[in-house]
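The first chain written gets the first letter, and so on, giving A, B, C and D; residue counts start at 1 in each chain.
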Amino acid sequence: MPKLAYLGPQGTFCEAALRILVPGGERLPCANVTAALDAARSGEADGAVVPLENSVEGAITVTLDELAWGEPLLITAELLLPVEFSLLVRPGTEMAHIKRVYTHPAAITQCRNFLARELPDAVVVAAPSTAAAAQEVSMEDSPYDAAIGPAIAGEHYGLHELASSMGDRDDTVTRFVRVSRPGVLPEPTGADRTSLVAFLRDDHPGALLEMLSEFSVRGVNLTRIESRPTGDGIGHYFFHFDAEGHVAEARVGEALSGLHRLSADVRFLGSYPRADRVSPQLRSGTTDPDFSEAADWIARIRSGRV
Amino acid sequence: MPKLAYLGPQGTFCEAALRILVPGGERLPCANVTAALDAARSGEADGAVVPLENSVEGAITVTLDELAWGEPLLITAELLLPVEFSLLVRPGTEMAHIKRVYTHPAAITQCRNFLARELPDAVVVAAPSTAAAAQEVSMEDSPYDAAIGPAIAGEHYGLHELASSMGDRDDTVTRFVRVSRPGVLPEPTGADRTSLVAFLRDDHPGALLEMLSEFSVRGVNLTRIESRPTGDGIGHYFFHFDAEGHVAEARVGEALSGLHRLSADVRFLGSYPRADRVSPQLRSGTTDPDFSEAADWIARIRSGRV
Amino acid sequence: MPKLAYLGPQGTFCEAALRILVPGGERLPCANVTAALDAARSGEADGAVVPLENSVEGAITVTLDELAWGEPLLITAELLLPVEFSLLVRPGTEMAHIKRVYTHPAAITQCRNFLARELPDAVVVAAPSTAAAAQEVSMEDSPYDAAIGPAIAGEHYGLHELASSMGDRDDTVTRFVRVSRPGVLPEPTGADRTSLVAFLRDDHPGALLEMLSEFSVRGVNLTRIESRPTGDGIGHYFFHFDAEGHVAEARVGEALSGLHRLSADVRFLGSYPRADRVSPQLRSGTTDPDFSEAADWIARIRSGRV
Amino acid sequence: MPKLAYLGPQGTFCEAALRILVPGGERLPCANVTAALDAARSGEADGAVVPLENSVEGAITVTLDELAWGEPLLITAELLLPVEFSLLVRPGTEMAHIKRVYTHPAAITQCRNFLARELPDAVVVAAPSTAAAAQEVSMEDSPYDAAIGPAIAGEHYGLHELASSMGDRDDTVTRFVRVSRPGVLPEPTGADRTSLVAFLRDDHPGALLEMLSEFSVRGVNLTRIESRPTGDGIGHYFFHFDAEGHVAEARVGEALSGLHRLSADVRFLGSYPRADRVSPQLRSGTTDPDFSEAADWIARIRSGRV
């Protein structure tokens, strides 16, 4: 039974993601993303589940930077988890009793309407994480009457769920990824994603355009681009790319090879099934049989059998 | 004398940036970036100074999102401020006395070598900001012996600077911008930058490539690209661009017009002098006289005077 | 009543084209394309009609080079004329009598099936032009029994049309253009074509790609591209372009201006109604109102009225 | 000893080219380009030498079309031959005797200055070819006193060379190619050229731009592009390309494969040493070792050995 590290403490959205991605596994909560990834790197865990981006907050930059700079890890799966906030109280607490609410600032922002409507007079205090808020509220002598956090946090800390789906938007999601030490890649499924990081050889104007052309000319669509600082001063960036397809597919392999030749360095971060199961619309001439047929054609030409 | 809001409390790097950008002005410390920008929007202040990006941490996403979505503001100046950390103590404290250090997590990360070498046995505790850490340490009964923060924080809170330039890298900088309510733009200086935000009309493959082509075909180099989520789910992004040049220049104006025609929406965020005073290398055929000469040529053709 | 020069002698396809393009005009047959264009340049004629390209033979390079290098002329109209060959004989001649056929080599090639089927034993001799062949056959003492040429040649020289539509392909057409001395352009009709010639500034790799990008980024489709030697040695070319649209339209004007800035020289050859009356499918954001709206937007930005 | 067909009659520039390309070979003069190529196709000759383009007149379209549509042949060598015209007379004829000159119209155009200066009163008559003119003048009872043609024509027909290098430009050259039936390709020399023909899959706007991108993204420069009509009506073209490099090189092979996948059809016309011996400036990342290293990298990734 695999043991997976995750961004703790118990009761986080990340734990909820892990329970779905690896239902029967052992779970190792870690203090932060770096610690979770280090557990996977060292072998203390068989892998890790960490957040990569959120549909409202954007990239989780610590995850991006760890995957780019730290000891290599491969993404082997992804999950899109709806961010659903619940109002969590000690058993017996009723709505009218709530004077002080404790939660993470992102939750405060995302539940603004609920708080204004249902708890207009409550004081809302910032906590380091929603799970930590739930843990705090579970103490009998807590100065807080309620926490806002994932339902799973309520279960963990014996809290009662007084309200659910509190968020102003009901479509906020966080994308989590499962990572492992480098090894055999997941099999292509026809609806895959490939993640990578590319460092420019020389930071000339048009460099990003050239990078994107390596993908577009082979008919590989990009689903995400993030620039991150290299640390060498303002104006120096490297790039995270998510592309449609699996590196085992010819068009993706050739695009990555092209990017590799163009770049100072490319780090492959994994090819894995897409959570949304969407298969790409392949442009004519970019399927594996098309590449194979073209390779045969060139081989015939080179050998003089035109 | 102008009054400028900034990311407080007193003693932040942001205050240091403001003192350089607007030396004699009045200063209004605000609790967070949104509050500082709102002070500028409401007229409570004549403008604001806020951080936009850091050469190690990357974009300050709250600033990006406020400029993209909030009531419009224009960037009118920028500053690159070296991030220099000092070890700040109550007068009389010596190195050997320091058992507990208080500072922001980013400072912990960036001063890792100093701490390991000079204070290997000290406990280091995370604070909400470096200025807040300095303020806390200035209390006589503080449980902390030292703060790590900007020298300016030491001055504010009457602390002694026991060490300076503590960072592992001596080239870390933060880029701050001065913003104002929309109005007359700064004059072109020949070494300017233009910031803007663009929203895709339809999120098709190749859309970013098309956007970049609008710049490259007019010889306008981009110095920064950030993707940010639109909030409409994973995979939906809009883009922040920094381009070389001033919107008053023909090539920049035509590129922005092209982007505007291509996009669902483009928000202009300002044209202002570059902090580094670097003038762009203009490609042949892209100067203002080149555009003017071409416009005359087309006018002659259209009027039948070939 | 206008007087138009054309590629003679009387009875050419070019005369047929002229009769359609300028029905009531006076006609001046000229010995070759250069002479016809020179008649227009000198004022001896009010314009000229000459062939530009043929759907089987390709470009008429003498016309391309005259328009590129000679005293400037503007194309003001075009016509697509089906190339239909007739078997022309002196009255009284019957099929069985035909032993010797006289015509231009292009007609020999294009009527190969007819000749093999109907006149398998006839000797076919090459003539300088189909009209000249008809003229020769019209002589009582001609050694030839039949000419192959346009029906109009038969009318001119009093010949009988023994067969028509003799060509192997029934869809061969020649594109003729009417040219005039520079002056007021034809009004835009919504289905126009613009012709031009561009000379590279420096003949670097990728130069043609850059030229094409000036069109594509403004959504202007090209319908024809011809490379021609500059005369400065193998490997040095200039380019003829036909683009969809009229120079009075914003997207075409901006594309031409961009090409002008990029190139050593651009010669405008005219904007005129398309013979096929096909209106271009305009890409979103490239109509005149789109350009106008974007220009207003930039003007507001530049004046500080964001 | 190989037998090579060429564009006759004896004494043409084409024969001069053949004598340089295949010094000791047997020579078979043919009536036209098609006949010369057919001799190579049928095995009557071991190959053929034909003109491909001229630095003043442009492409020899019959050669382009034969290579594109006829039974396949491969270009195995090229030659740039200066076009030098000589004034050829029967022995005993002096300058003052020359009243009537016979030559091909292209020679008339290119020797205009000489004729105006040295033979202002001579009548100049058009001949079907310069070699045919020399042959005619060699007859004792010829109505012509002089021919203009290549020196080699004078040798063949026993004429005296009264003047040489008569052309107005001294840098006019014709590019000749040697073609053979498909077979083993010439070895790469580091300074090679690759010729091919590509037919669009669907004739959409931007199709040529896409084709050019297949080359440019792999750093393969094009040295010649010719559009030719497909025969299916005005506006329908296919393309001849000459590219730098040999198909045995990785960047050329991948570019051709990409073009093949993109196109309805691509016909390879040969890889052969450049006449000018110019080696391409390879962009960083496009050498064979770069491709090989990238292929290894992808192979490691695919096998899980990151």
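Basically, a residue touches a chain if its C-beta (ideal position, glycine included) is under 8 Å from a C-beta of that chain, and two chains touch if they have at least 3 such contacts.
Source: prediction; values computed, not measured.
K.L.:
Quickly list, by label, the chains bordering both subunit A and subunit C.
P.N.:
Expected: B, D.
K.L.:
Approximately how many whole Å separate the CA-defined centres of subunit B and subunit D?
P.N.:
Here the centre of subunit D sits 59 Å away from the centre of subunit B.
K.L.:
So how far apart, in whole Å, are subunit A and subunit B when each is placed at the average of its C-alpha atoms?
P.N.:
For subunit A versus subunit B, the centre distance works out to 26 Å.
K.L.:
Can you list every residue of subunit D that touches 2 or more other chains, as numbers and ranges?
P.N.:
213
K.L.:
Chains as vertices, touching pairs as edges: which of line, ring, star, complete or other describes this one?
P.N.:
Here the contact pattern is a ring, one closed loop where every chain has two partners.
K.L.:
Name the touching chain pairs, would you?
P.N.:
Touching chain pairs, listed by label, come out as A-B, A-D, B-C, C-D.
K.L.:
Okay, in this complex, where on subunit A does subunit B touch?
P.N.:
53-58, 61, 80, 169, 171-173, 175, 205-206, 208-209, 212-213, 216, 221-229, 231-237
K.L.:
Sort out for me which residues of subunit A touch subunit D in the complex.
P.N.:
Residue list for subunit A touching subunit D: 72, 74, 182-185, 201, 213-214, 217-218, 247-248, 253-254, 256-258, 260-262, 268, 284-286, 290-291, 293-295, 297-298, 301-302, 304-306.
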